[in-house]
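Chain nomenclature is as follows: A, B, C and D, assigned in order of appearance, with residue numbering initiated at 1 for each chain independently.
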């Protein structure tokens, strides 16, 4: 009986240590559990695959470095897909650190022969949240006169004919915090397709907007990142992490079961002693 | 009018009218208010801190006042004002941790004014409202540090929160503080429900200002809000019945204008 | 190093954590200030000096007014810029809420009541709305609706929690991949 | 005067922004864009105010020789170094060093720390104390199993049930919740613009 009750009072530090050890194990020695592709990823992939070479996509890098693990695999996989399809990317960040992340990604493709100013442009960080977005969608060259590299925005060929957000063919945002309705609201006059890449926690919140058609696609967390990697036949770091994910969930569920066994035992005990 | 916003405008006017009408009506007939446990608990939280001789920690979250989540921050400031009046009267310590620069001067005013109103301007000091950092986890780390080091007896978290919600709530529970949390962020709320003693769900937080003030006009505004929700409920019901019999009822298009 | 100091909190609050925390807060506040400075430079200073857009002096003055609070006699002036922000924020919040959260959600809930799932969605939304009634007199239909709504909220929140576990573990895996992949190199 | 001016200003700006949103009035639209640009700049000054406040608190702590004042010294040094190097240039090596070696790793560290806290809070809070708690717990556990590949291996139906929960009960909960929040937001907004809630002036007049 005592041992059962103890199951309910395991020191949290024990749980913490177990988590580190058990998660590390599949990362060192992958188990290779199969990952099935969800309808979310299929839908988003289909929409993005429908873009033509030369189309322009605005990408809002709306996440700080701290959130990269969950959302960046999506961004990287989609960027990869866009580059292969020769779709042009206009990068912007409404979170300060997002600018640095976008810069890193763009530079890595520049190193592979893509041209800055033609295949992509980086408009840098724009402070002011939704207020700044409202100014941005109405008049991009006015809201962002100079790009991240300090050059006048209008001097680059990619910006030709791009005045409002509606002049682009698609808008994507990747975020750890932005509400799904934000971009929908700001671009509502153009009804342009919007793809949202969000951290896992925000999935349920995005779902109503996906079902109402206000979002053209929704990618949720590292899992969708892994699925996108599989869809575009370029398995990467997200796929590798899925095994560890499974173990982590199992561990927590085992602890929840422990907690409840102890809870019921305690209640039984109290009943028996007449309390 | 801007196309696509006609219906919004009409509905907004209807809601405004409902609220203003009820504000007027409340002056003669006060509406009955249901209890909101999380707001009633503020008194308990301050009382416990007073008994233990330890401070109350209040944080208005990471929402700025210039974005669409501004209302949650305003509601948090109302709660802050109420909390500060209680701590002033009871001579209990109060620490307010602020993340957002725009919220910092507002919080200072709110707390200072609350101490003035409670007749204790002498008890207010500069160290009460602390600007921490707008960098999300720097703010979280500072809050965690304060909660642990100052051995707070109660933690009140109200406003817009992001991932730091879990850190603050769990640390509070680890130090054994009473925790009250409220947010309109549906994806941080689960963490608060799991880790906090009292949780204000969405609109319950937004009602805080009116609920705590208890004056007729503001209670009236809550009655007006109830009418608006009733409107939504009736619209949902009628709409669903209509589409059941006719997949494309003409009235539904009105909502898209 | 700093990462380890941060994690030491999991065991106990200690002096290493404290040092890391203070460095982080200083750096974080400094970083944001630099970003804010860049904005002032690009959006106010340059337009004023280079293009002669004098109207951009207004926000600069309003911004400086925030510092009036340090001088007792003109303290109240600090409320002016704040009032501008507050008015703007309140308007932005409420004008958008109608369409994105009220109408579109109401409209999307108008689904034909031809199967059990749709029935669940429609009644669920109605129940949750009942839960949020603050001032209506207590009568049976509203009370039943409210407790049904509260169950619905609990299921929703449970689901969101379960979902969140996944996301949070992803982030931790990211850190593990970084620490053991790039530093210690045991993950290939 | 000291109270009326701010309340009036807030109301006026609010009304302008609401009308601008719903009606096509070019003049108002350009005013509103202008004001939104101003807000960005005012916010930047608020950051300055925050930094001053932060520094003031910690200088006070150092001068009072509080036991932990070494940490306050650390904070102020980092604050000053970050600001000076960043203002010199955003590509200044010291500034980049701070970004890459302080802000980024600590950000990921704390963000990832949430995983531990989620685990320990699930362990502590997921107990079948009441009917509501059971719903929270069961929904949470099923979704946890449905999301990770391992759930599928245990029982093929876990992802299916998870998707069902997400598509129907969760959807209903979220929608009702959002409608409620929308109404609440309108209520708060209106009270602020009418000058009834005026916490930004410091409570009641």
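Observations, loosely collected:
Following the convention adopted for this analysis, a residue touches a chain if its C-beta (ideal position, glycine included) is under 8 Å from a C-beta of that chain, and two chains touch if they have at least 3 such contacts.
Note that the structure is a prediction, hence the values are computed from the model and not measured.
Chain pairs A-C and A-B differ in how many C-beta pairs they share in contact, with the greater number at A-C.
Distance from the centre of subunit A peaks at B, each centre being the average of the chain's Cα atoms.
Between the CA-based centres of subunit A and subunit C the separation comes to 17 Å, rounded to the whole angstrom.
Between the Cα centres of subunit A and subunit B there is a gap of 28 Å. Inter-chain centre distance (subunit B to subunit D, centres taken as mean C-alpha positions): 13 Å. Note on chain placement: the centre of subunit C and the centre of subunit D lie 3 Å apart, centres being C-alpha means. Counting partner chains per residue, subunit B has residues 2, 4-5, 8-9, 12, 15, 64, 66-71, 74, 101-102, 105-106, 109, 131-138, 141, 163, 166, 186-187, 190-191, 193-194, 201-203, 207, 222, 225, 229, 232 touching two or more of them.
Of all residues in subunit C, those touching 2 or more other chains are 6, 9-10, 18, 20-21, 24-25, 27-29, 31-32, 36, 38-39, 66, 79, 82, 85-86, 88, 90, 92-102, 105-109, 122, 125-126, 129, 132, 153-154, 156-161, 163-166, 168-169, 171-172, 174-175, listed in ascending order. Among the residues of subunit A, those in touch with two or more other chains are 12, 16, 19, 64, 66-69, 127-128, 130-131, 181, 185, 188, 200-201, 203-205, 208, 211, 223, 245, 248-249, 252. The part of subunit A that touches subunit C in the complex is made up of residues 13, 16, 19-20, 23-24, 27-28, 66-70, 96, 125, 127-128, 130-131, 145-146, 181, 184-185, 188, 199-201, 203-205, 208-209, 211-212, 214, 221-223, 237, 240-241, 244-245, 248-249, 252. Residues 1-2, 5, 8-9, 12, 15-16, 19-20, 64, 66, 70-71, 74-75, 77-78, 80-81, 85, 98, 101-102, 104-106, 109-110, 112-114, 116-117, 126-127, 129-138, 140-141, 163-164, 166-167, 169-171, 173, 184, 186, 190-191, 193-195, 201-203, 205-207, 209-210, 217-218, 221-222, 224-225, 228-229, 232 of subunit B are the ones that touch subunit D when the two sit in their complex. Subunit D makes touch with subunit C in their complex at residues 2, 5-7, 9-18, 21-22, 34-52, 54, 68, 70-72, 74-83, 86-87, 90, 95, 98-99, 101-103, 105-106, 108-116, 118-119, 122, 131-133, 135-144, 146-148, 162, 164-183, 185-186, 188-190, 192-193, 200-201. Interface residues of subunit C facing subunit A in the complex, by the touch rule stated above, are 10-11, 31-32, 35-36, 38-39, 42, 88, 92, 96, 99-101, 104-105, 107-108, 156, 159-160, 163-177, 180, 186-187. Of all residues in subunit B, only 4-5, 7-9, 11-12, 15, 31-34, 36, 64-71, 73-74, 101-102, 105-106, 108-109, 131-135, 137-139, 141-142, 144-145, 148-149, 163, 166, 186-187, 189-191, 193-194, 201-204, 207, 211, 219, 222-223, 225-226, 229-230, 232-233, 235-237, 239-244, 247, 252, 255-256 touch subunit C in the complex they form.
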